[in-house]
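Scrolling down, you'll hit the structures one after another.
In the two complexes that follow, chain A is the common piece, with chain B as its partner first and chain C second.
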Partner chain A sequence: MAIFSVYVVNKAGGLIYQYDNYVPRAEVEKTFSFPLDLVLKIHDEKVVVSFGQRDGIRVGHAVLSINGVDVNGKYTAEGKDILEYLKDSSNYPVSIRFGRARLTSNEKLMLASMFHSLFAIGSQLSPEVGSSGIEMLETDMFKLHCFQTLTGIKFIVLADPRQSGVDGLLRKIYEIYSDFALKNPFYSLEMPIRCELFDQNLKSALEIAEKAGTFGPGS
Partner chain B sequence: MSRQSNRTTDSKKMNSELFTLTYGALVTQLCKDYENDEEVNKQLDKMGYNIGVRLIEDFLARSSVGRCHDFRETADVIAKVAFKMYLGITPSVTNWSPAGDEFSLILESNPLVDFVELPDNHSTLVYSNLLCGVLRGALEMVQMAVDVRFAQDTLRGDNVTEIRMKFIKRIEENLPVGDE
Partner chain C sequence: MTIHNLYIFDRNGTCLHYSEWNRKKQAGISKEEEYKLMYGMLFSIRSFVSKMSPLDMKDGFVAFQTSRYKLHYYETPTGIKIVMNTDLGVPNCRDILHQIYSTLYVEYIVKNPLCVLGETLQSELFNSRLDSFIRALPFFNVRAA
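Our next item is the complex of A and B:
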């Protein structure tokens, strides 16, 4: 899966569409006996590993489920505090699944508006007049590509650093937006996109982009 | 009318008569509902506006035109690219005002009014007013406020159809970042 996610941000900086195309690869489920040798802490309302990395469980991984039941932030599904639960030896042996915590939709909204502001700062930092905003953000794990239309809508794609042809993909997503979102008379502009056809066509476009590695113009 | 030939999704040809009939049915129904030509003109303009704000994205996605930096460029793009893409006609751009903020689009033929004759009791009806709304809505989405009206109309006895477009101002409020 070389294309990780797609975000669409409206003129005001609000997230109107988000699609995640990846499954976190590093999820580990293990059975533990008392006492737990991992050091856990609370971070951002989640229980994360702070020390004691071993067996594929990395620092920063969050507790995703206990005994097969998904947790609810720092509480178990039944409402018990996880750290308290794990300090009690009578609850062992316990099977815990660790993995990279997924972003909640609120977090995604916040990140999208923050990116919208950074995009603006990007163009203001430019020594030359008439610079565009941020077009690409690169890290060692992913590359973020951004395309802003003349009407102010931003299409953002997070992809593998080696993925090519993302520019073509961004244009293709713009076409899909203008077709399946805008031509749907029941879709109001600037609102979250909830159109089945848009989802389906976006998914097939992503599949084609991943397989071909590149996206030809006009296809 | 046919879709752009480089679209591989579906290149359907649609009968332009169906388009003319659809538009005609729309206008006559509006006349029945509102019974007042001025009101119908206003409604057509509103409907055109709603079409225009969506059509602009389709236009920008399919053509590769960049931002226009002056009104002359805008006029050329509208006449040579947009009208060609959507109505299959290429109006001519004439009658520039001395300040360069007003121009006319002269349409030799208008696909909306094939086979149409205006009766006497609808003499103030601007039959193709939808087009004015479309142009106004589309340009507003690219931060240009314009006033669009029909100066001449073949349905009302003139020789050609003339659309007069006047530039009012650039809309600075929602300017996407990175464009001046």
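Our next item is the complex of A and C:
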């Protein structure tokens, strides 16, 4: 049972805080001989598998490292184009590590703003009167919980589907935000949160939530 | 516990079917715009979920809930999307939506030589069977308006 990450989005939809608590990394490293039986393509400045699936390598996985050296986008660490490198049979046998690509900060910013809009559309398309936006989004691998305060700040927590007590955790994060970010005289509203005490208290709140499973009142 | 409405979309975004049983609030825009907005929202949620997910997903996006309603989603490998809005008391509906697809859509639409796939469904038989199937569900309960 784990809490994967926490996002805080301001009134305008911009990401002001992001923390990755636990990111499960399923990576597979294998040695390949020429020719490579997976079809690779460039997508979003990364080299991803477009066709072919074996031994834990799935479609959508990105090339993370070649021969133990981390790649740099679509180029190897030395600056060679990866697809060209892998077409050359003299470079084989080669050991490639595949896995889910990590989100860059830019992508996190875009996803947070995307969620901000989806939250509003969820409220607009409601068949019932007086509905809020999306408070909980469920998939088979994670559950996304969102709490919107009266001032428009959204606290978003991605957790394991079986994790309980996330509503209490969201209220607790709001409390930590108002204590260590809002009461900080050097913090400007709606700006990225760079308060050490906020980070520390958030980390301990997440630890407590993961261990206890629920949050009691007044903790 | 009640079911508000049901949408069926195809892979291109055309709304094949829409029926409502218990809807209190209209969206404030025309029906065509509402279908497009609903499809667009689902498309965006699917792409959002695939990027955000910490591990590879099997089923993908399943449902979301707000303070007043819950939206259940089921997508077939051919791109047929079945969306059902219910109230909050309803548990996981995935197998019911799968049943709608297999026993109603496949039987009365796909196997019907007169039904053109890709256009709004015209089959009266499909409509009436779907209506009786939904009304027969244990959590369907038409509240007095």
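Following the convention adopted for this analysis, the second predicted complex is superposed on the first by the 215 of 219 C-alpha atoms of A that agree within 3 Å, B and C clash if a C-alpha of one lies under 4 Å from a C-alpha of the other, contacts with A are read in each partner's own complex, and residues count from 1 in each chain.
Going forward, contacts are C-beta pairs under 8 Å (C-beta built on N, C-alpha and C of every residue); 3 or more make two chains touch, one makes a residue touch a chain.
Bear in mind that the values here come from a model prediction, so they are computed numbers and not experimental data.
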item: Chain C versus chain B on the shared chain A, clash or fit after superposition; value: fit
item: Contacts of A:T139 with chain B and chain C, given as first, second, both or neither; value: second
item: Touched partner set for A:R100, first chain B, second chain C, both or neither; value: second
item: Touched partner set for A:K80, first chain B, second chain C, both or neither; value: neither
item: Partner chain(s) touched by A:S131 [first = chain B, second = chain C, both, neither]; value: both
item: First, second, both or neither for A:S123, with chain B first and chain C second; value: both
item: Chain B versus chain C, judged by how many residues of chain A each one touches; value: C
item: Partner chain in contact with A:G60 - chain B first, chain C second, else both or neither; value: second
item: Smallest separation in angstrom, by C-alpha atoms, between chain B and chain C in the superposition; value: 10
item: Those residues of chain A which chain B touches in one complex and chain C touches in the other; value: 122-123, 129-133
item: Chain C partner contacts - residues on chain A that touch it in the complex; value: 4, 23-24, 26, 58, 60, 100, 103, 107, 111, 114-115, 117-118, 121-142, 144, 158
item: Chain B - residues contacting chain A, complex; value: 6-9, 53-54, 56-58, 60-62, 66-67, 141-142, 174-180
item: Residue numbers on chain A that touch chain B, as the complex places them; value: 11, 119-120, 122-123, 129-133, 148-153, 171, 174-175, 177-179, 182-183, 189, 218-219
item: Residue numbers on chain C that touch chain A, as the complex places them; value: 4-5, 20, 22-25, 27-28, 34, 37-38, 41, 44-45, 48-69, 71, 85, 87
